[in-house]
């Protein structure tokens, strides 16, 4: 009889621990909404479209941060997407087995490097390089485009987008590679057999088959970029500016929370920062959910 | 008859495992050559070496020569992509491109050759599907997904796809092994119909099939070519004891 | 055969494949660039004092990060103490009893939790722990990190327990062993190598986190072993010292980054070797 009790105990105990997850998530959502209450009541939807962030006069608008977050993530995606697909093609279609193992390992290591280390490297190595070499060059030759106007500061939107792109490459590349690997060889061979080049096999057979999974991988990468904090805080310049120039400093939602939360003095100030966190939470959750769905559907099954 | 393919000292490896050992064999133009042998004997590897698709696999190596109309397809001057357009292949499992319609499956190979007029492509698609004896079954659903067809229809679609690029040689790797008997009979019938226009090499584990469809038969065992002769001779009067054991069903 | 169009196709093929090789090379080069800077700049600021001394006040040279190393271990240890039981037990529930709607919900919530940006986790732990306790604390930091660890450990445990073949469960039950013993002593043991690896990876992952600690564990210039007091951690220390204008402090940030990355990479590579040998057997 003791054993039946044992069975029940383990079922009940494991259920209890699993419920912790439920309670935690419910608690997180509740606290974020409750914490944002003051700001929600005061500013309403206007919070999203106001570009003033003035703790002294207690006017808080999130627009520059939303702009900074989204634009830096889009830049990251524009840079990371082709590179990630290239890496995925290399790992699943081109590399000999021995090379593949080591390159895979290195891409995984790139994913394991902590955000703060990307930030440190970005701040001391990448931004000076951008300031002295890349940005003057871009400004000189492409300066007629508003994107490349303004003084080369090093820190700014371009630096933010670049560091984020390095950080999301492993995510997009490894998921895309996994999806490529689910596509059976026999379809690729059919392509070779009718005289396709390797690139044609990849672009005409592998890509269409992997499309929804690749979109999922991109969304997951984008979601990561949106929520990323430390690295981008250290290189984006942290000024609530909306500028067309990539050289201009900017500010993201996560960065402003990281920088100002401990110094926020008024309740409304804190509440506005928590509302930013709530926004980040909602956006990340959306992107993650859609991405997971697409990736699951994107695996080749027949 | 002329010799379409001359295979000399062909060796193939997967990593360190040798799959083919010094194969020498001539394939007659406009004939059907069957390749038989127990599983793992190298017969599939053999045909995969004939259109250089063997080397697509990681770790695969080949040496020796395969002369197509006297030209070595393994010479440095030859581009495997062009070789594969002259030597088409039908695989063991039907593998129509899953993301394409029936029409697109057949048109894909034609389009590779650069921009062509729409009606010209449509004509060639129709001609190829007709030649593969599939037209009546699919003419009303050309733009439906190819994966909706039955296994036998899919395989005939793959044959149409191969015919569409107008190859000189068609390699068939156990094309009927995944099909039911009726579909198998249709594929065999089809081989008989198209053999005047193409040189066909067919791998099969089914000896009756080899006897029914082929003019020449090669028997492979453990990566070696044991015996090669006219089909009628191989089945009535095998010269090698191992061939005899195999066709009389003593092993395999 | 139209040879001009084929030439175009061949050039496109070569070009695209070249880009693919280039992308892979880019990934590898970036990794080496980052690692080499951390190693060169970091190793030069490391000596014995670095590990056993406390940070010196502004203006004085020397000093170490002993308090931050100890702090990181305390915070990550606290997080593990909370997250490992919750994660593994939830994994058991999902794998062994998880064919119902409630389990589906748990799985979904674990995924949601996994996707929470780390800075948001920091805010949540601030509201959960710092506000009621009226102050920053190592405990709050540990709880923040545990929120990140729980979903990772849950899903890895679930997957690894599910990989244990049913025949093993049935063999145990057929011997008259009660289910709870089968789960705890047979199934869990079979999956244990993988679960331990998963836990190691989760620890390495949260050990490198900074954002959740900024307003939970906060910072402390002195050695502290107390859970109810603010505590220094390596990651927050890197952030503070990197943003400071003093080259001496920047050097300490590089040194700490060196220590951190060595730990993270060693754990990652070890766990890789661990799983590889396990599955290749």
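To keep things simple, chains are lettered A, B and C as they appear, and every chain counts its residues starting from 1.
By our rule, a residue touches a chain if its C-beta (ideal position, glycine included) is under 8 Å from a C-beta of that chain, and two chains touch if they have at least 3 such contacts.
Since the structure is predicted, the reported quantities are computational estimates derived from the model, not experimental observations.
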Chain-level touch network, classified as line, ring, star, complete or other: complete
Pair with more cross-chain C-beta pairs in contact, given A-B and A-C: A-C
Whole-Å gap between the CA centroids of subunit B and subunit C: 52
Chain centre separation in whole Å, for subunit B relative to subunit A (CA means): 48
Rounded Å distance, subunit A centre to subunit C centre (Cα mean): 17
Per-residue multi-chain contacts in subunit A, two or more chains: 197, 200
Residue list for subunit C, restricted to those that touch at least two other chains: 9-10
For subunit B, residues contacting two or more additional chains: 81-82, 85, 112
In the complex with subunit C, residue positions of subunit B that touch it: 79, 81-82, 85, 112-115
Subunit C-touching residues of subunit A, taken from the complex the two chains share: 3-4, 6-7, 9-11, 13-22, 24-25, 27-28, 31-32, 35, 82-87, 89-91, 93-95, 103, 105-110, 112-121, 123-125, 166, 169-170, 173, 197-200, 202-203, 223, 226-230, 234, 254, 257-258, 261-262, 273-274, 277, 280-281, 284-285, 287-289, 292
Complex interface listing, subunit C residues touching subunit A: 9-10, 12-13, 16-17, 19-24, 26-28, 30-31, 33-34, 37-38, 41, 85-86, 89-90, 92-94, 96-97, 103, 105-106, 109-120, 122-124, 126-128, 147, 150-151, 154, 178-181, 183-184, 204-205, 207-211, 214-215, 218, 235, 238-239, 242-243, 250, 253-254, 257, 260-261, 264-265, 268-269, 272
Residues on subunit B engaged by subunit A in the complex (per definition of touch): 51, 53, 56-59, 81-82, 84-85, 88-89, 91, 93, 95-100, 108-109, 112, 147, 158, 161-162, 164-165
Residues of subunit A defined as touching subunit B within the complex: 96-97, 184-197, 200, 204-205, 208-209, 302
